[in-house]
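First chain written, first letter: the chains are A, B and C, and each begins at residue 1.
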Amino acid sequence: MGKNKKYLAVQIIAHVILIIGAFTMLVPFFWMLSSSLKSLGEVFVFPPKLFGERLVWENYTHISGRFNYFNYFMNSVKVSVWVVFFQVMTSASAGFVFAKLNFPGRDKIFLLYLGTMMIPFHVTVITNYLQMSRYGLVNTLWSLMLPASVSAFGTFLMRQFFITVPSELIDAAKIDGCNPLMIFFRIALPLAKSTIATLCIFCFMNVWNDYFTPLIYLNNDRKYTLPLGLARMKGMYSTDWPVLMAASVIAVLPVLIAFLFAQDAFVKGVMMSGLKD
Amino acid sequence: MKLKKMISKVMAAAMVLSAMSMGTMVHAEETVELTFMGWEASPLETKAVEDGIAAFEAEYPNIKVTYTPGLAGAEYNAKILTSAAAGALPDVMFVAAESYRQIAGAGALMELTDMFDSNYSFDDFIESSRTIMDIDGHVYGISSCTVSPIIYYNKDVFDAAGVPYPSSDPAECWTIDEFREVAKSLTTEDVYGIYGLETVQDTLNAQLLSNGGARYNEDFTESIINSPESKEVFETIKAIRVEDGSAPDATTLDAVGMSAAQMLETGKVAMLCDGSWALQELAASGMNIGMAPLPSYGEVLTTGQAHLHCISSTTAHPEEAWQFLQFLSGMDYQGALCKSGLWMPNRYSMYEGEQLEGWYDESVHGDSYRPMLDYFMNAKVDPAALQKSAQARDILMEESDMYFKMDQDIDTTLANIDSRINAAIKDAMAE
Amino acid sequence: MRGSKKAGKLKDDSRWAWLMLAPNIIGFFMFMLVPVVATFVISFFKYDMLTPPKFIGLTNYITMFHDPIVWQVTRNTLIYTLITVPVGMAISLVLAVMLDQKIAFRRFYRAAFFLPSITSMVVVAIVWQWLYNPEFGLINYFLSLFGIKGPKWLLNAHTSLLSLAIVGIWKNAGYNMIIFLSGLQGISTSYYEAAKLDGAGTWQQFRYITLPLLTPTTFFIFVMAVIGSFQVFDQVMLMTEGGPGRSSSVLVHYLYQNAFQYFKLGYACAIAYLLFFIIMAITIFNMRMEKKMRDVY
């Protein structure tokens, strides 16, 4: 009896805390949605109302002229697909090499990779900018895609996985006459599916939401990615909140949908990134 | 056999296709594409630029202009500089007066002196535009127009308060003391008398000059804002808010989430101090406004500056770019933007006779602007347009923020502005 | 015989290894190693991209130590870190512990907490700027229900940094919660069962089992959170641009301004290295601490 009561109390407390937490996390999103459907006059009302007189869908049509959503979206897709694909491929192949192939200097090189993981992104960004500028790639999507095609973190993550693959598996394949490249594609990659999924999600979240890199590299409206396009829109319509909220809603939509469909994959991805050793 | 036939057919088709594409390529070479970059301060401004480009393309069917708006203010200047460094400047571009010298100095802009002299009379340009355009006898861009800070007022608020409108004749403009009184008398529980005396660098500079203060020494190598004259201006502006209560807190605009124009429009402020460019938006809103010169601290004056239209030194199409530049300086373009209220003309000849009637629009400029024409024409060049360091704008803003919004005392503020800007100038000039 | 075979294999591996490493190594070399070194070299130059670089020795570093703005942005960055990291971690831990039990709507809660961390900071900035609006914002309305007159948040120099920190906490809480959760799930239930037999209460179990066994996870999150908060930029740039005055400017924001607005690239590179050294010092200190803590438990 007493135990049950206590259990109930704990559950109630937990739910109260969790509900407050969930409320805090979700209210901004609801508020974004509701503000995006108000007229300009209705957002300047105190106390604030949940909804306006009617739903002002015009806010959404109004942005179409200025907010080249499709354009930004496609740029974001291009960059993300490229970066995810190449980062995963370069990380997986290098991770495999570092874990399973023997060659002189291997561990020293890997240590170099490890060492750079601590270096803040901003240490490299200025010189990378100068490089891109010398190659004439500033203001092209290449400036976002090329430097991100390789990742020390990704290489590390993949190596940590491949280390756990039994060497007997590799050796057996070698005896069957497979070269390391074949082993990598036929044996190692299929085994690494879940780690690769983790890296994909991780990489995608970073690239898709990146604001800093496009900010410094891009200056042409036709090249903008979604976050930069939205940030520019914010500068222009600084006081037209309903329109800004409408743009925000449609900007957040793709990731939201992806998340709702693949919640477990997302969560698992983050969990794995946190695993040490 | 069959396969061979098919291959030859495919080959033939491929040859025809490639010949066709060659044909279109030859055709494509006839049209020259110019890239053109500008900033987007407001949707109305971009619309005006796009209309202008359409008119130009209709006139020159062989030239296609691709316009890229997008950035504004300091970020735009930065992008121009980085593009210059990368050798990736557009063919034609806006260059803000305050970064013109730096970019031209780096050799990124095509020198236009000869072409300019054979098509335009330098002396026809108003003094402030001339001073900005001219770099030791050379010209690297054509002044687009001129803009100057002025006072806008909501006539309805004045009527309701029974206060007479200000005179738009500069000879009869308010002294700062008279202005304070008027602002006070217009202030009620719902209405503030004035907004914008310190928010834009231009308006602050104009007031400093009016009181006999200065931002820089003669050759702009030293910041000399720390003077009793400047101090008086800063203190007056703050007193209007704190003592008189006739100006809203400097953060009010952000706090209520309205633009300055919306504040004036909705009658939340009776008067607004802002650049002449604001007239386009205000006039388009259809509200009942009037315009007047800035209150005088001693000398009646305003400042003038504007961006320049420049050609990249690396352009592949200098002739077409020059044609486009001339179009941008002509009545069809500059005139149209002046007519909309966004710009003021930068040539003496445009302030008289037929040319004046060509752009002066009663429905936009009302009757206020006629007595003010000399005021714009004789505007003092805005010191910010000639400053040596790109950092100066941010420094002035940060430190004046500290004074206006955060109670840093005035002497520290002015001393900080000088010492920080001087360090920046020293750094910019050190070779 | 055997030895020679092994040597042959090693040689084979070496060729394949370099072939498979090539794309990664080339990219790593071009976009990571070279920039790290080049940034260090440029920090001894005065360079504005437009004119040739000029060697000025340690001048940038000397200027940096005399630049009051550098001190202020470092202080701001530190304050931001001191607010976001402990508070954020505490919230994440509480949420994780709550979710680590059999509880209804677990998936819903988890999704709700995680949502902010997958949302673009640009969207977050726009929404929160509106929430923070002193006159019409939801936050001050909420406070007014309790008779509190809310501050001006982003517009006031005393609260601007705090406001940004709250956004940072809100955005990252769910992410760290998930990592805590994975740490919690790694703790074997046998410990708790043994403790229950010994009559340990909920709090005691948490204090003497959960916390110690969670130490590696906690350190991991701590290090990542500190590194992350020292590199905060997006919300500063998007919500306050460092203002009012310099009250919410941070190291990376000042670096950005110097590099991409004032074109003092040499100086910006020196600031980048200052950031690097601060982060390195903190990380090394953390590693030492973790080792010590491990010895304690």
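Heads up, the rule we're going with is that contacts are C-beta pairs under 8 Å (C-beta built on N, C-alpha and C of every residue); 3 or more make two chains touch, one makes a residue touch a chain.
Remember, it's a predicted structure, so these values are computed and weren't measured experimentally.
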Reference subunit A; chain at largest CA-centroid distance: B
Selected interface, B-C versus A-B, where C-beta contact pairs are more numerous: B-C
For subunit A paired with subunit C, centre-to-centre distance based on mean C-alpha positions, whole Å: 15
Gap in Å, rounded to a whole number, between the CA centres of subunit C and subunit B: 40
Interface hub residues of subunit B, defined as touching at least two other chains: 82, 85, 256-257
Subunit A residues counted as touching two or more neighbouring chains: 43-44, 129, 133, 241
For subunit C, residues that touch 2 or more chains besides their own: 49, 130, 135-136, 260
Subunit A residues within the subunit C interface of the complex: 10-11, 14-15, 17-18, 21-22, 24-29, 31-32, 35, 43-48, 86, 89-91, 93-94, 96-97, 101-104, 106, 109, 112-113, 116, 118-131, 133, 146-147, 149-150, 152, 155, 174, 179-181, 184, 205, 208-209, 211-212, 215-216, 226-228, 230-231, 234, 241, 244-245, 248, 251-252, 255-256, 259-260, 263, 266-267, 270-276
Subunit A residues touching subunit B - in the complex, by the definition given at the top: 43-44, 66, 129, 133-134, 136, 138-139, 219-222, 224, 232, 235-236, 238-239, 241
Subunit C - residues contacting subunit B, complex: 46, 49-51, 54, 130, 133-136, 152, 154-157, 243-247, 257, 260-264
Touching residues on subunit B, where the partner in the complex is subunit A: 37, 40, 42-43, 68-72, 79, 82-83, 85-88, 256-259, 262
Residues of subunit C defined as touching subunit A within the complex: 9-10, 12-14, 16-21, 23-25, 27-28, 30-36, 38-39, 42, 49, 91, 94-95, 98-99, 101, 103-105, 107-116, 118-128, 130-131, 135-138, 141, 144, 170, 173-175, 178-179, 181-183, 202, 216-217, 220-221, 227, 230-231, 233-234, 237-238, 252, 255-256, 259-260, 265, 268-269, 272-273, 275-276, 279-280, 283
